[in-house]
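Okay, so chain A shows up in both of these, paired with chain B first and chain C after.
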Partner chain A sequence: MSLPLGGEIKERGSMTANDFIFYLLAAFILLNGILAMTTKKIFRSAIFLLFTLIGVAGIYFWMHMEFIAAVQIIVYVGGIVVLIIFSIFLTQQAGMEMPKPTSRRTIFSILSVVTGFSLTYLLINQHTFPANSNEVINVSPNNIGEQMLDYEKTGFALPFEVISILLLAAMVGCIVIAMKKEEVSKKDITETIK
Partner chain B sequence: MDNNFFTLMKFELLLVVIIFILLFLKLGKNKMPTVSLLHITNGLLLINLIAGFFGNTDGNLFANMFRTTELIVLEKNILNFGVFIISLQSFSYLKEHKHVTEFYILLLSTLMGMFFMISSQNIFMFYLGLELSTIPLAALSNFDLEKRRSGEAAMKYIISSAFSSGILLFGISLLYGATGSINFSEITPLLTTEPLTIFSFVLLFAGFAFKISAVPFHLWTADVYEGSPVPVTSYLSVISKGAILFVFVSVLYSVFQPLFETWYNVIYLISILTMVIGNLFAIRQNNLKRFLAFSSIAQVGFILVGISGNSPEGTASTIYFILIYIFSNLGAFGVISIVSALKGKENMDDYKGFYKTNPVLTWIFTISLFSLAGIPPTAGFFGKFFLIMAGAGQGNYILITIAALNMIISLYYYLKIVKAMFMDTNENPISTIKTDLIPLTALIICVVGIIITGFVGGCYEYIYSLITI
Partner chain C sequence: MEITLYHILFLSTALFFIGIYGLFTRRNMITMLMAIELILNSVNINFVAFNKYLYPENLDGVFFVIFIIAIAAAEAAVAIAIIINLYRSHKTIDVESTEEMKF
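Right, the complex of A and B next:
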């Protein structure tokens, strides 16, 4: 069950084109992630998030998981980011700059990020992971579809159904909250008229 | 898939059926009056509760993604029972509300999430159940639709739970990296005391601690409890916390058993912090919902003392205590719920002289508070007694002494309310409340439960026998 890397295992130190592509993609994801966090305009944050998600899709392509990569692009890039942009337009002034965080908060968040990152890096670096089993994972859409609807061998039909209930509940919740705004705004209007 | 499917997944399937009945009632053309809708829902929940007691078998489904044992059935029955009481109690609140069906759809889907979480056999289903049990709850905390504070509570809840989910997921990914499996049964033999494994466990633990609001992960609790409508607050403090604790115990005792030396120290520290800080902050509160929020934080500290025992007694005493806690906390919240729905008063000062005008409600409130404090004739005493006995099994008497001292501190602030209700004079006390029959029934069930679960001796032994099979 290990990560099916793009190429075969190599000794440390030698860097092939394959590695180079991985680090390029990782740097792209991280850079856009940082930009999404630090930019002052919320709309730009959403756009940088879009690039981050495209980068993740790139990692999937690099791992030869074309179907997952396509799903990533369709669902995250095409669907979720568009939804986020919609909700930004509906609720916020997209062009407005957000208030600058206090310097104390900046210092402490940088500190926590640095310590968290270095701790995790050290731990992962020290850990000897079991060798790559080079087990071939069938990533064809056929296989994924079969596993998703299977209830005996892998059982992924259950989480599939549970997620659909979650989506139903989330939709019901959203609608109830969204309905409120109409009532409140009507009330506000009548109050202002008075 | 054979007939087993229906018996094993009975709890979840029944909830799905109820959710869909409610959905169709909502979508149907004929608008039903709210009160009859409430009666129908309560009836359905009663059927659901009764059906939970019959025809249960053990087994696995969906390639071990879902399992059920007698113990899990008991836990689900306890949760079902609590939800039924909450549903009866929220009658006064809901009959004035416009969105009753949505309330129940959301409430029951979170309950279903908890069921899946309790039944989960791998991290994947566990995480899904956890999300299903938190995301709709955020919408529920926003159910006082006109109140700004309610919206604030929902916002705080969703952000803090998203943050805790992030930490949990990071821990899960590290654990998967270290062991290469998401199945609980396959993870356990691969666990070692290597730094990475311990780190991933700490992150997982932090995720759990957020949900049970153990100190120092408790900061969201008071604000969310205060802002949410009372039925949602009682649901959060009793059902949601209880479900997470059930899973927490079983995960700690089975999956992370090889790391016992590590997690014992973590729990030791966190339980002391939780008890002390929960108690000290509870003394200062004036809003009753905030007060009960901190008191429930302190109660989690006591439960952690029991969990630290790492023995069958630990599991049994935790489940037993949660059962008692459901009765006692719901008794207290029930009274607050009625007063808040009918009079809109939630502060401790408002309750001065409450006995003069509402003797029955005062007695119910008092008995519940006594049970929360752990005063002998009530069940709360036995609950805490077994928890501390389980904790003492490890021979760490510093922890036990601190727990005992904290019980005395908690006695002070619980009695403060009792004193306000019985002794303090008030020029304009809360006028006499005409309680609806249904919430009153729920309160009586709570009081009977508080007395019976303590005195009927078989209760604890029954739970214990299920664990040691």
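Right, the complex of A and C next:
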């Protein structure tokens, strides 16, 4: 199964710029992901995670999903990583090194991860995916918004409303959990929830 | 050498298992949260790739990704609130030293 992305069929055996960009992005993502999970200093780990997320946004751009890439940059890079960095500042001494995991744990983790990866990739490689249809929908924010707020059979209005309730509940929950208990009595907290 | 769906699935599988490795070896709550973010991202790559390569006439994968990103943001916010509260009461965020509820 091979699907050209740009539309025109390329000659087999030669590496086009499109392929090269994909390999570059994949190497960037995997390298930064490995560094984020193995580096000793927690702040560096957060910065490598930031680069990994930017690389994933690049993969979305490469697949011509511009809206998803923009959402990825805004929410992950601009929101979650900043939140993580702030919580590092609040809870860790800057520049402190994390204790090394025991070698037994490292060996068994690597063993299980490599086994899991090879099993999963073996399964993927043996599976043949069904051929796609030639019809291609335009992935513009217009189309996405229209279908998301559509309440007909193919619309996503109900999940959209459920997500909005979930976000509200999470926001209220965060404020209640992180509130200082010394200054506010328990009665006040329950009143705030109401 | 055309990039096929298998190349992208290789990338997302590798990213998923890098996240699993971090979840296994790290004992600091913030780094474990980062590992979970990596895992969620690899799942998102899968959804977008399947939508792009197998069902280009639909937008369902895009919607799944948008909802997963929204839920991941809510999850990260709640997790960090819990971590900060834990740090306030225990002065540590290491999962090995917060074991009162273990037994």
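The rule we apply is simple: the second predicted complex is superposed on the first by the 158 of 194 C-alpha atoms of A that agree within 3 Å, B and C clash if a C-alpha of one lies under 4 Å from a C-alpha of the other, contacts with A are read in each partner's own complex, and residues count from 1 in each chain.
By our rule, a contact is a pair of C-beta atoms (placed from the backbone, for glycine too) under 8 Å apart; a residue touches a chain by one contact, two chains touch by 3 or more.
Keep in mind it's a predicted model, so treat the numbers as computed, not measured.
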item: First, second, both or neither for A:Lys153, with chain B first and chain C second; value: first
item: First, second, both or neither for A:Gln126, with chain B first and chain C second; value: first
item: Touching partner for A:Cys174 - first (chain B), second (chain C), both, neither; value: both
item: First, second, both or neither for A:Ile47, with chain B first and chain C second; value: neither
item: Touched partner set for A:Ala70, first chain B, second chain C, both or neither; value: neither
item: Larger contact residue set on chain A - chain B or chain C; value: C
item: First (chain B), second (chain C), both or neither touched by A:Leu166; value: both
item: First, second, both or neither for A:Leu31, with chain B first and chain C second; value: neither
item: Which of chain B and chain C A:Ser112 touches, first, second, both or neither; value: second
item: Residues of chain A at both interfaces, chain B in one complex, chain C in the other; value: 1-2, 120, 124, 129-130, 156, 159, 163, 166, 170, 173-175, 177
item: Of all residues in chain A, those that touch chain C in their complex; value: 1-5, 10, 12-15, 18-19, 22, 26, 29-30, 33-34, 36-38, 42, 45-46, 49, 52-53, 56, 59-60, 63-65, 67-68, 71-72, 75-76, 79-80, 83-84, 86-88, 90-92, 98-99, 101, 105-106, 108-110, 112-114, 116-117, 120-121, 124-125, 129-130, 132-133, 135-137, 139, 143-144, 147-148, 156, 159, 163, 166-167, 170-171, 173-175, 177-178
item: Residue ranges of chain C touching chain A (in the complex, touch as defined); value: 1-11, 13-15, 17-22, 24-28, 30-31, 33-35, 37-38, 41, 44-45, 48-49, 52-59, 62-63, 65-67, 69-78, 80-85, 87, 93
item: Residues on chain A engaged by chain B in the complex (per definition of touch); value: 1-2, 119-120, 123-124, 126-127, 129-130, 151-159, 162-163, 165-166, 168-170, 172-177, 179-180, 183-184, 187
item: Partner chain A, residues of chain B touching it in the complex; value: 1, 16, 19, 61-66, 99, 102, 105-106, 109-110, 112-113, 116, 124-125, 128-129, 131-132, 135-136, 138-140, 142-143, 145-146, 154, 174, 177-178, 180-181, 194-196, 199
